[in-house]
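One chain, chain A, appears in both complexes that follow, with chain B as partner in the first and chain C in the second.
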Partner chain A sequence: MASIKNLLQLCKGTQYFLQFSNNQKCLLSLAAVRQSSYLSSPPVAPREEYPEVEIVQNAPEWKYVERLMPQKIIPKPIEKPEYPSGWKPQTAASLPDLKYFVARTKNHMVPVYLHTTFRGQRRITVIRRIQGDIWELERELRVVVEKARNGKLCASRVNEMSGQIHFHGDYVDVIREYLKEKGF
Partner chain B sequence: MAHLRESAEKALKMLRTLPRVQLSNIRPNPNSKKNTKRGRAQHSGDKHGAGNKGSGQRQNYMRLGYETGNNPFYLRFPYEPYYKGHHLRRQYPPISLLQLQVLLDTNRIDSKQPIDITTLCNSGLLRLQPASMEYGFQLTDEGIDRFKAKICIEVQHAKESVIAAIERNGGVIRTAYYDPRSLQAMVNPSKWFEKGVPIPKRLLPPQDAVEYYTSAKNRGYLADPEEISKERLVLAQKYGYELPRIEDDPDYEMLISQKDARQIFYGLEPGWVIGLKDKLIIKSKSLPEEQANREEKS
Partner chain C sequence: MLNLLNKSKSILIPALRNTTVRSTHDAVKEATPLVEVAAPTPPLILPQNWSQYEPVNRSLARQVWIENIDAIPERKLGLIELHPDVFATQPRVDVIQENVEWQRKYRYVSFAHTKTRAEVRGGGRKPWPQKGMGRARHGSIRSPLFRGGGVAHGPRSPTTHFYMLPFFKRVMGLTATLSVKLAQDDLHIIDSVDVPTRDPEFFKELIKERNWGPSVLIVDKDDIFPENICYATDALGYVNLMPSYGLNIYSMLKHDTLVLTVNAVKHIEERLLYQMNRTDATAKGGKFKLDQV
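Up next, the complex of A and B:
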């Protein structure tokens, strides 16, 4: 129905279309109209042709609109007695005499990730955002990982420049839990 | 060794007199350039690697898999068309209860408000692409034992165990269908409002989804509310927990807030235009379709 209306509006605008017979008008209405183009969009009609509207300033429903707007910045987590998901806020920042520090991400998460390569054949645990004595942290984490490996040696790599430690194998959960325990 | 020293000195002497290496006097390594011309006849004209006779020489290769009249290998065996119509199937990207609990714990979602697709997408951590046949989220049961929040949530698909986990904590869950156009508005409402386009009217579910969304067991939005309250009790008995009375809850208003079957945003009706800059709402007194219907009748 709407497409026929638009076509008729187009016809009004041009003299050429007015000469069309009724038959041809029927044919025209079957033709596809590309609404996305500004050329085929209906021209602005007088105000009376549009449905009646009511313009409301300070509407009581505005609170529902505000609820739909996303937050501009990432909110800070609220302090709660317990966090059922296992997430913990960072507490180590206020501790004195820290040899090293692992910063949280912008989303307040512990920066431990799993990198998989060779179609999942090689799994590497990556710890990022390390500041301070990275070698000390590597020594401590090595003990944790080797315990998880039942005492077997583990391969690791330290990148002092970018503040990253890589461990061969998937030890994300073990390392994340350890860092959370330490307050990072 | 005297002659060696002499030749070295000679070379250094030559280097001193030679011009510097620059663009004007460098040339390619010897034998590094190939002649691009393909000679004909006596000018090295032979087969040029194309071989003698057949499709190799004429470069009219058979189509892939064609075995010159044999029953081709790729058609020889029957198969199950598992992926038939995959491009038409509705996709529901998963979110787990654990993910939801993390979002609530880290203050990315407010549990004091009803949660729907807009809330989840506005957290900035979840994405939905309605153009890629994604019709909303399904709530999965990962981390079901750790889930402790009391929420009012609306998803597009949820298992029975997930429904039980939410209702056990005194929450409310509904499954609802949204058509892709409505989803596009819900995924990024501010962008939709900036376009100056009216809020779309939610379409009814397609035929194959009607059964799911009218069933009280799935907490469908088209189900009878009385049936749903009965099913809540049945599920509580099945999973062996005491159903908290939401009527006595301080957040009762929030828990029972629900959208109309044609509504996509809480509190806002389809057909309204939202002016974000001037903070005004343009409400239609009657929808254009309704008016068209009236005209047709008269």
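Up next, the complex of A and C:
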């Protein structure tokens, strides 16, 4: 069984060697080894037959590998005085008297979203993760949105149990900027 | 009389609690007490510093007493800090309801069954000719139009009602329920699950003394509990033991009081906080694949 396998490997190896010139032979031999299949690759031999390798525990170069590997937990954002994207960290958490609180998402973003339905004809701005006096926040946001609509009334929906406010129309940027200014 | 006075004075002074001068009679009486006064141990203060999962506001962390379970009267053994994102979140009642509904329905199989017109006995022949009778035209006496005929769109046994609630709704349900339990004074934390006797009366009296709800759910990290508590709770249907991996919203709401050990609290916190802060959340919350990793 093993001899047949070796023969097969030899045949497959010689195929490449016979067909091409010397330079290409070397490259292709490497390529052939890299793209080898299970049956064509040689079986694993005992460690003594392979060249000596120094095993290093906790190598200092490992940190260059680690920083390329994906992180399991969302890291804390790097502290800077200003961010070019306009992102601001949350500061309202430390304020003492708050009537309401809008928590950030797990990726440290402000929880304001746009829901589009009916092939883009219905656009609803959703603010999630609201705790505390949601009605007070709705009154304040209504002022902001009506100002953006040049005084026209806006339709809103408050869901106290799930802590959400919906506004008819696309006022995501307006509301997000307002919440960032308040420190949420 | 004097002896009694001496004894009470010495017990009041903590340092002298174990050094009372007793007569032989008192020594015999106290040779086999129901509950022994434990040696004074330092209080078990456990402030948590969550290095990876820093809370937004440290002052929102809840401090809860660590109580004892080795005696009937309550003794506070120390303090533990609980992460606000697990034990002080918004009580999302809608998410809790969805979780309870899911837990009830996903295992349910309905065995209601009706026969279709093909399955009802008879009805193979055309009952009367198509034309000439002055009656409505029919092909079989067992069609759904007929009395005694098959049911058109009736229940077909067995019908599964399996569905999976989105993963992060289940995580939110756990945090919301734990927060609700803590806020409503139905959460107690004990140091360990070692009980002195196998007697179920011990638990009955403990629950009565400490005013815990009629039903109690005791959660520890491991699924192997000490012998004594197993025997004691076996006889009582309303005191149940559970490992921390079995924690679920239905059980937490079914039992009035939830009792967690310190190890269970740390395990639950660590797992829930990881799930709430993982980077591959979108991949995890994707479509449920049955029988796949």
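The rule we apply is simple: the second predicted complex is superposed on the first by the 121 of 184 C-alpha atoms of A that agree within 3 Å, B and C clash if a C-alpha of one lies under 4 Å from a C-alpha of the other, contacts with A are read in each partner's own complex, and residues count from 1 in each chain.
The rule is simple: a contact is a pair of C-beta atoms (placed from the backbone, for glycine too) under 8 Å apart; a residue touches a chain by one contact, two chains touch by 3 or more.
Everything numeric here is computed off the predicted structure, so don't read it as measured data.
A.B. asks: Pick one for A:62: touches chain B only (first), chain C only (second), both, or neither.
C.D. replies: Once the two structures are laid over each other on A, A:62 reaches chain B alone.
A.B. asks: Answer with first, second, both or neither: which of chain B and chain C does A:51 touch in the superposed model?
C.D. replies: In the superposition, A:51 touches chain B alone.
A.B. asks: Check whether A:93 is in contact with chain B, with chain C, with both or with neither, and answer first, second, both or neither.
C.D. replies: Second partner only.
A.B. asks: Looking at the overlay, what does A:39 touch: chain B (first), chain C (second), both, or neither?
C.D. replies: neither
A.B. asks: Once the shared chain is lined up, is A:153 touching chain B (first), chain C (second), both, or neither of them?
C.D. replies: In the superposition, A:153 touches no partner, neither chain B nor chain C.
A.B. asks: Please indicate which partner A:71 is in contact with in the superposed arrangement: first for chain B, second for chain C, both, or neither.
C.D. replies: After superposition on chain A, A:71 lies in contact with both partners, chain B and chain C.
A.B. asks: Thinking of the overlay built on chain A, is A:106 touched by chain B (first), by chain C (second), by both, or by neither?
C.D. replies: A:106 contacts chain C only, not chain B.
A.B. asks: Could you say whether A:163 touches chain B, chain C, both of them, or neither, answering first, second, both or neither?
C.D. replies: Touch partner of A:163: chain C, not chain B.
A.B. asks: Could you let me know whether more residues of chain A are touched by chain B or by chain C?
C.D. replies: Touching more residues of chain A than the other partner does is B.
A.B. asks: Enumerate the residues of chain A that count as touching chain B in its complex and touching chain C in the other.
C.D. replies: Chain A residues touching both partners: 70-71, 74, 76.
A.B. asks: Going by the contact rule set out above, which residues of chain A touch chain C in the complex?
C.D. replies: Listed in rising order, the residues are 70-74, 76, 90, 93-94, 103-104, 106, 131, 161-163.
A.B. asks: Write out the stretch or stretches of chain A touching chain B in their complex.
C.D. replies: Counting only chain A, the residues touching chain B are 1-2, 51-59, 61-65, 67-71, 74-78, 80, 83-87, 107-108.
A.B. asks: Considering only the defined contacts, which chain C positions touch chain A in the complex?
C.D. replies: Contact set of chain C toward chain A: 52-54, 56-57, 90, 92-95, 274, 276-281.
A.B. asks: Going by the contact rule at the top, pick out the chain B residues touching chain A in the complex.
C.D. replies: 98, 101-102, 104-108, 113, 118, 122-125, 143, 146-149, 189-190, 193, 265-268, 273-274, 276, 278-288, 291-292, 296
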